[in-house]
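Shared chain: chain A. Partners: chain B in the first complex, chain C in the second.
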Partner chain A sequence: MLALQILIDGFAISTLYALGALGFTLIFGVSGVLNLAHGGLLVVAAMIAWYVGTSLGYGADWGALAGLGAAIGAALLTYGGVVRPIERSRAIPPRERELFVLTATLLWGVMIQEALAYAFTDSPVTVQPLIGGTIGILGVRTPINELLIAIIAWAVMGCLWLLVNRTKIGKRLLAASINPRALTLLGFELGTIYLTVWLIYGVLAGIAGVLLGSFLGTGSDYIPDLTGSAFTIVVLGGLGSVSGTLMAAYVVGYIETLTAYLISPSLRDVPALFLLIIVLYVRPQGLLGRR
Partner chain B sequence: MRTISLRRALPLIIVLVFLAVLPLGANGYILGVLTTAFYFAVFAMSWDLLFGYAGEVNFGPTFLIGLGAYGAGMANALLHAPVPLAILIGAIVAVAGGVALAIPALRLSGPYLGLITLVAVLLLQQAIVIFAGVTGGEIGLSVPDVLSIDSGPNYEYALAFMIISGLVLSIIARSSLGMILQAAGQDKIAAAALGFNATRHKIMAFAISALFSGLAGALLVFYLGTASVSAVVDVSIGVRVIIAAVLGGRRTIIGGAIGAIFLIVAGELLRPIGQLSTFVVALIALIVIVILPDGLLGLLPSRRGA
Partner chain C sequence: MSRKLCTVLLAGAASLVVATAVAQAAKPLVIGITTELGTIPGKAIANGATLAADQINASGGVDGRQIKLIIEDDHLSTTDAIRSFQRMVKQDHAVAVVGTFVSEVALALEPWAARLHEPYMITGAAANELSEYVHADYKARQYIFHAYLPAADLARAVCDASKQTLVDQFHMTTAVVMSEDAAWTKPLDAGYDKCLPTAGLKVLDNIRFAPNTTDFTPIYQKIEALHPNVIIDGWAHVGVQPTVQWAEQKVPIAMAGINAQAGSSVFWKATNGATEGVITGNTSAPGVAITPKTLPFTDAYQKKFGISPAYSAYSTYDAIYALKDAIERAKSTKPLPVVDQLAKTDMVGTQGQIAFEGPSDKFTHALKYGPKYVTGVAVQWQKGEQKCIWPLNLANAKPAFPSFVKLPAKS
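Here is the complex of A and B:
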């Protein structure tokens, strides 16, 4: 019984982790940006979904849609307002650009956190699930929302796979991640491609944020932890590797669920952190990463 | 080798003399704010030695600060060590932590090292909460002894400590060690080909940075009278240290001090706008980083183009 419970809960949380970290790895793979305001985007989506859906009373559907829109807006603002000015700046030496992007997005994350706490609330809230109620799976009472989350998450990831592997846009994104210079030589505007990938990133972060908010709750204080989790999963799986991210998400999700159920909920983060240290010592490029 | 010309040092000396005689005219509140700012200045300067010179992305300055603070606090509270001995113990613990952090730095760089250092902070935080019996847990550990109960002497201790640390760190940064660190940070293979032992210098850099971070953390504990996660370990404190160093101007050492004092004082001045003060400080720092990558010190004409 407990085993099944762990299996189901672990699956839901792992799938959410995978979806939440996917945008982070995508944006790194294509444009080489590690966005340390990632948690901020997730929480923006969840907070707006809660505000529109619950606080203003428009219901879960409109809330989710508003949250998605807010995340897309926030992602484009991150690109246009923070990342692009640094990449364009002549005063910053190219060698140090990566560090400046890290510091700037870190600051941007702090700003999002403070702005959300000021505009809405700094206490945790829960996004209303799209479908309420519970269902019994082999005797384990499971919220329908938990199943819905897993279905939506896998559907979104499937769409992303189709987009990257089966469309012209996807081919350009892949090309940009492998050799951006060659792509510009072929006459493609790199700026448009980056804008597209940030748009996709916004959609992914928006869906992940709203679902996370309905499953684990949300709050401005969650931002650093969410960024940390995504960072951990992505590095564990290998920076820029989508399948590695998926694998790492399930490893981390199940380790956390096992720890929470079998040892103590307060220790749920600890084993994954040790795993990360060990993996980085033995295999610095992560599970499926290439260097 | 760059020399410190008198013309450039003069304004600095005037500012320091002014700060030294400040207790004659200022009230306890101002002195209290500046005392904290001075310890923060040492945090930022030690971080700059690692980041600015060695090019190590250390997202966990509070790992070293926290080890020094809790090492000293626990030595005083549990072992009843007198304050100077407790501070020494804290510094030793921090240096040990610094060397431990240097080991992954030999293999990893960039974001990978950044994440490891961040994980070190999270693990330290967890350890403090798990071993709440001896560390005080989330409430914090109060220490029986303090440096002084008057704000004047506390202020002078902090100022003296900041000046000495700044001086020593600047000398180290301008010495051959600093040069080799920069060379190895920019091109590891070329530096090694010239016969420099980058490994040894890197470990040295981590140990020195840890020594000053740990000393500052320990002193801060005996100033505040308590060691707590929110004051010396939390990731947000580490973020503020990084912001201070980058804001003041990286690869300058003294820039860290200027950035830290600016941040703390700006935070105090913006206190009337309440919750939004952190937002405004972060916004200012972001604008400075994007527009003036060399930080506030980059505004000085003597450094431009250097």
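Here is the complex of A and C:
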């Protein structure tokens, strides 16, 4: 019974981690940007979903749509307002650009956090689940929302896989991640490709933010933790590797759940961090990383 | 010098003296407020103080002097709070500092209040240590007042309420204590462990969790396996997620104790109604007149700020009035006379009869607890509203639980 409980709970939390980290790794893989405002985008989606769905009373569906829209807007703003100006700036030497982008997105994340705290206070709220109620799986009482989250998350990840591996746009994204210079020489506009990937990123962050917000709650104070957890998973899986991220999300999710059930709920974060340190020692590129 | 010139000079000097005295009297009375403005209880401290100061100023001030509040955001940081405290005392010459709902911050400010001989009223933090600190060296630390109930008394209130509702009305016999790991919950848990068995609830386990916990499923599973009738909580930093997950996972155990965030009127929306059936200790409940001052206060607060007051708004509002009375009785703003008079406070406040424990009590200068003084109330969320279920003489509803909560057979 306990084993089954751990299996189900671990699966739900791991899937959320995977979905939350997916956009982060995609944007790094394709455009080389480590977006430290990632948690901010997730929380923007969740807060807007709560505001429209619950506070204004339009219901869970409209709330989720509004949250998705807000995340896409925030992602494009991050690209257009923060990342792109630095990448195009002549004042910044090319080899220092990554560092500047890193710092700028970090500060942008802090700005989002403060703005949300100002607008909504930093008290946490919960996004209305799309479906309420529970069902029994072999005797384990499981919220339907938890199952729905897992299904949506896997559907989204499936779509992303199809997009990358079966469409022309996906091939271009893949090419941009491997050799952007060659892609430019072939006559493709890198700017358009980056814009596309930020758009996809916005969609991923929006879905992840709304779903996370309905399971774990949301609030401006969550931003650093969400960025940190995505960062840990992505580094563990290998920066830029989508399948590595999935694997790492499940490893971290299950280790945390096992710790919480078998040792103590207050120690759940600890073993995964130890694992991260060990992986960094013996395999610095991460589980499936190539850089 | 002619006599005429002499008279003119004398008259001039006299009018100068009078003018200075008038200027002195008209000089505003500065009170420092240290709090964190991003949180519900923190903002409530600032609001409670603002409302009290506005009302006092409108009715002529303190001995004719207007109150000027200096409200500073400590960002929940002890360093920021200490710096701001020192600035308020040395630069703004605040006659007293009021505030903070975070015990860790208040504990850091206490030595400064003692060193700088500055009257300091804590109006939301609950650790026992706050008033035990005053007791340990009264002469040096008498400037500190814990104008809120210490955690031991909060635990007593929960036990008294549980006895008369959960045990007497629903025949509950077992409980699991589930508290966040923070300074204020250590004495709270110790209090629970001592008084719950006396109230008729056997404590099966005491679970403490990190305040940054996000997934409460493992904790609820563990508790469910023990089959208690009720979970007695001690939450202030967390509230939304454990409440939502309790309802979403339909954990079949009643929820009572202190869930500070559930005391706020916005909690229903924040949890999408998951808080239905949750019981929490609170200072007051909507529409409940603990004293003749309670409802006028909540109405004025609602009108001015558009939300209902959180617990710390009541204690801060009462503290400002206690301070006003003390200054007027002392006819001075000097620390020692003010402190002497504050210690003699015996006034009707919004929370009950306001008086402070004396130097011989373990909780020196903390609010007096009891039916004659302050006990707080137990509220339960029912259909989107906070209903008062205890004390029984003030109750406006009977406790009721969501259908997924399993009640003992006898009830």
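The rule we apply is simple: the second predicted complex is superposed on the first by the 291 of 291 C-alpha atoms of A that agree within 3 Å, B and C clash if a C-alpha of one lies under 4 Å from a C-alpha of the other, contacts with A are read in each partner's own complex, and residues count from 1 in each chain.
One rule holds in what follows: a contact is a pair of C-beta atoms (placed from the backbone, for glycine too) under 8 Å apart; a residue touches a chain by one contact, two chains touch by 3 or more.
Just so it is clear, the structure is predicted and the values come from calculations on it, not from any experiment.
Of the two partner chains, neither chain B nor chain C is touched by A:182.
Residue contacts after overlaying the shared chain place A:239 against chain B, while chain C stays out of touching range.
In the superposition on chain A, contact of A:104 is made with chain B only, not with chain C. In the superposition on chain A, contact is made by A:273 with chain B only, not with chain C. By the document's definition of touching, of the two partners only chain C reaches A:145; chain B does not.
Once the two complexes are laid over each other on the shared chain, residue contacts for A:263 go to neither chain B nor chain C.
Once chain A of one complex is fitted onto chain A of the other, the partner contacts of A:4 are absent, as it touches neither chain B nor chain C.
Once the two complexes are overlaid on the shared chain, A:159 sits clear of chain B and of chain C alike. Contacts of A:228 after superposition: chain B is touched, whereas chain C is not reached.
Across the superposed pair, chain B and chain C both touch chain A at residues 117-118, 122, 266, 269. The touching residues of chain B, counted against chain A in their complex, run 51, 57, 104, 107-108, 110-112, 114-116, 118-119, 122-123, 126, 129-130, 186, 235-236, 239, 242-243, 246, 275-276, 278-279, 282-283, 285-286, 289-290, 292-294. Those residues of chain A whose C-beta lies close enough to touch chain B in the complex are 34, 82, 85-86, 89, 91-92, 95-96, 98-100, 102-104, 106-108, 110-111, 114-115, 117-118, 122, 224, 228, 231-232, 235, 239, 266-267, 269-270, 273-274, 276-277, 280-281, 284.
Listed in rising order, the residues of chain A touching chain C in the complex are 2, 5, 9, 13, 54-55, 117-118, 121-129, 132, 134, 141, 143, 145, 216-217, 219-220, 225, 257, 260-261, 265-266, 268-269. By the touch rule above, chain C contacts chain A in their complex via residues 38-40, 43, 181, 207-210, 212-219, 221-222, 239-241, 244, 248-250, 261, 264, 266, 269-272, 274.
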